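The structures come next, written out as structure tokens.
One chain, chain A, appears in both complexes that follow, with chain B as partner in the first and chain C in the second.
== the complex of A and B ==
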């Protein structure tokens, strides 16, 4: 019998080519980043005009700013997600709010940078700093957490919630003891991805966190991150070893983002495995 | 009874907190829109509401000419190039992942795509500078920094995201439908082209438009390879500048307090208006809000 599976073979071929092209980016970065790699790059300060500069402050800024931004935007965003899924009245304006949030999920990062620059840096006189950058990241992250969180929560089977309420649990008990635990693996997954997205953010930070680092860490100290350093050194770096510095910074950055995504995925998979065919049916 | 009263109190306050969080985010969104709208309006007013600001291509800050038509056109071209290049690859990956791959291949592909989707865009720009720009210079002549280079870099950047989204859409086609379609005598190809892809069309449209939105909003990956030419249109193999890259470039040139700083707000408003149209289009006929 003629099977007619030509398009399946085509799709397999396309997949190989597509993955090869994207992996090319990572492999080239690994090759250039590892050439001349030295661990002292992780502990030294950057140098503007001489070779051998490090990325220690950028590393600290990246991790601290992403963590602070998540500490604010993840709980608030999840609160919005819970309200939208469990508390919102069935009114037309709630639908509009959801649509607006979905729209703002794809707000260009440079626009967030522009807004934070106009309001915080100009309006309130904040310096280009860790603080301004953290706020920019949090603003960028809020709609994403709210929308993705609401999607994840809405995928918890409705009969679980109905059962909980029927047994006499209050709404908030249902949220804390049933909805959030049931959605936990998926939420951890999303958190990892959002961590990676913020760590790799550049456009929103160039004019809020700035392209310099301070002598020590502080809320109002200059807050260049790894991603911004990567961009700055590759496009405008004046140090003799700019090629190496850029590639090494990029390699560290990609390692962090991949680590966040993979770590979250492994953690989520472990929780699911422990549960067996547990509360969440999404397996 | 004590306990019940306490529970009721907690219940009420938690509900209020959740509502407060929602209100906060709604206000934030409103504030962003207002700040941009006010800035853009003021700028347009200072230019006497001339339509040439949007349609013209005369951009010369030193001479006081601020017409952003070229950046709008370049944004559309770069986005179209990127989507045209990423669409076949993304669909291929999705079909393979959803229907062809074995169980472990599917899991591996999903994990790999998720990791690749999280690669920072600045890394794509770096790759573009190292590979795409010199490559185009060798093949097509010219500077290499070009709309085509920007489109190619964006295409590679969007591929994992679009592939993953499309894969999820194709995965949702019920197994029964495949069985039924094959039992009726369709070949695998006919099943794919005439059933699976067709019923997935609304979902694929949403995935596609999500990718379009990311392409339009991307800044650094484009800025690194597009060349930043603001005078005239130089073709696909020539340099240009998009709305996002021009906002980035001009934030330094037109600092706050500069009378023309508002043109940045205007460019942001145009971008957001375009994205809003996309969102509305994406959600039309999609019952899941």
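== the complex of A and C ==
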């Protein structure tokens, strides 16, 4: 066999194995989750000791907390990203700042959770709640938005920026009217991944949002999410159908995260198609 | 139309001197071609005139540059206003990732034009001036990226014209285009003569001879010679100019 073929076979083999592992996990979830599936699980409250519990509050908490966390962290993170790419002086300390931001992303989420716990719950007396959990997610998301946003913005060709400045645009006008619109498809794509990452977060939420749900949604109501519920039911669930409830929760979580990622991709692709990029990027 | 005067202008990039004591005058409404070997400072000279040169880290400019008698290097100069008066098109055509209409309307919108009828008039007028109107009428909502390279360069020209500049800087505007598209840009330059002061940097000597009233030859940051184009090409005064024009250079 030729050398190139052998490496092709090796890399293809590794890919197949990796995909098989992911598929296996999904199949396990589907097997248990779909076994006693009923759509009413989406609208019912969870049951602690009896079977047939639902995940309605967890679903609402997940969607609302992730959405609110993005609302807090995306604008602030993008402001940092714009400053890093278009305003920061070409100095050494700016390079270090970027490295620190990248480093922040590798801080374990549980540490972020504990810091938020100490500040909000211990310090300000907030309950374990939707609010505390949302703030924890926002803090967790902030450096990621800043770093990814800066990467996306710096991929907008510099000659576009110069073209705008040469027309008499100020820097801030160039950011608002050219850079952000030009980067929009890539930013939307990243928003999908960011949404998925936050929806799957557990460690930062156990200490901040808690492992309970309230009778109604509220900023200071307990804020258990789907991912936390999955973890809780798998490890400590006392309901007879715990295996099924956990798997169903996992399936719903996988579905909404995949939906977010795919939806973002489609949205971004639509914008690109409208702009004619990829159709014929000539000259 | 703007009269441009440079008095003893020098530019440094860090310790490298890119432009050395250049003095020149450009008559309003005329076309000045700048020729010279790569790295001689032609583009730097253009970028001094709209002060894009300052975007290069560690760039420093000395001397005086007057446009219609105003010192544009003064610290209190409104850069946005200066760049509105001195338009620029680049070597590779720059199309923003928007529709053809929004590309041309970008400048007028920046400067506060909101009325759709007014915008439409400006866009149509600018596209006609750039000789692109007949090819894109009825397709103004289509993406600019769908145009050919030559069309995109004319679109860039239309976008520059839409803010009503007095001078236009062209940095090798045809070097990335095929001969046919290049010829159309040349026609446009000749056409714009008299209405705008044009400075065009080019590596194509025939092009300089065809489109310009005056030609300046730069070498290693120095303006060696500047004169009427016919004189430069037929009877250069400096030995180095002659050597460059006859291909005996480097």
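One rule holds in what follows: the second predicted complex is superposed on the first by the 273 of 283 C-alpha atoms of A that agree within 3 Å, B and C clash if a C-alpha of one lies under 4 Å from a C-alpha of the other, contacts with A are read in each partner's own complex, and residues count from 1 in each chain.
Here is the rule we go by: contacts are C-beta pairs under 8 Å (C-beta built on N, C-alpha and C of every residue); 3 or more make two chains touch, one makes a residue touch a chain.
Remember, predicted model here, so these are calculated numbers, not experimental data.
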Between chain B (first) and chain C (second), which, if any, makes contact with A:146: first, second, both or neither? first
Which holds for A:250: it touches chain B only (first), chain C only (second), both, or neither? first
Of the partners chain B and chain C, which touch A:63 in the superposed model: first, second, both, neither? neither
Between chain B (first) and chain C (second), which, if any, makes contact with A:275: first, second, both or neither? second
Please work out whether A:180 is in contact with chain B alone, chain C alone, both, or neither, and reply first, second, both or neither. neither
Between chain B and chain C, which makes contact with more of the residues in chain A? B
Using the touch definition from the top, say if A:30 reaches chain B (first), chain C (second), both or neither. neither
Please indicate which partner A:165 is in contact with in the superposed arrangement: first for chain B, second for chain C, both, or neither. second
Give me the intersection of chain A's contacts with chain B and its contacts with chain C, in residue numbers. 170, 173
Chain A - residues contacting chain B, complex: 2-8, 10-15, 17-19, 21-26, 28-29, 32, 76-77, 79-80, 82-84, 87, 95, 97-104, 106-115, 117-119, 121-122, 139, 142-143, 146, 170-173, 193, 196-197, 199-203, 206-207, 227, 230-231, 234-235, 246-247, 250, 253-254, 257-258, 260-262, 265
Within the complex, chain C is touched by chain A residues 90, 159-160, 162-170, 173, 177-178, 181-182, 274-277, 279-283
For chain B, which residues are in contact with chain A within the complex? 7-8, 10-11, 14-15, 17-19, 21-22, 24-26, 28-29, 32, 35-36, 39, 88-93, 95-97, 99-100, 109, 111-112, 114-127, 129-131, 156, 159-160, 163, 187-190, 192-193, 210, 213-214, 216-220, 224, 244, 247-248, 251-252, 256-257, 264-265, 268, 271-272, 275-276, 278-280, 283, 289
Could you please specify the touching residues of chain C with respect to chain A in the complex? 50, 52, 55, 57, 79-84, 87-88, 90, 92-98, 106-107, 109-111, 142-150, 152-153, 156, 159-160, 163, 176-177
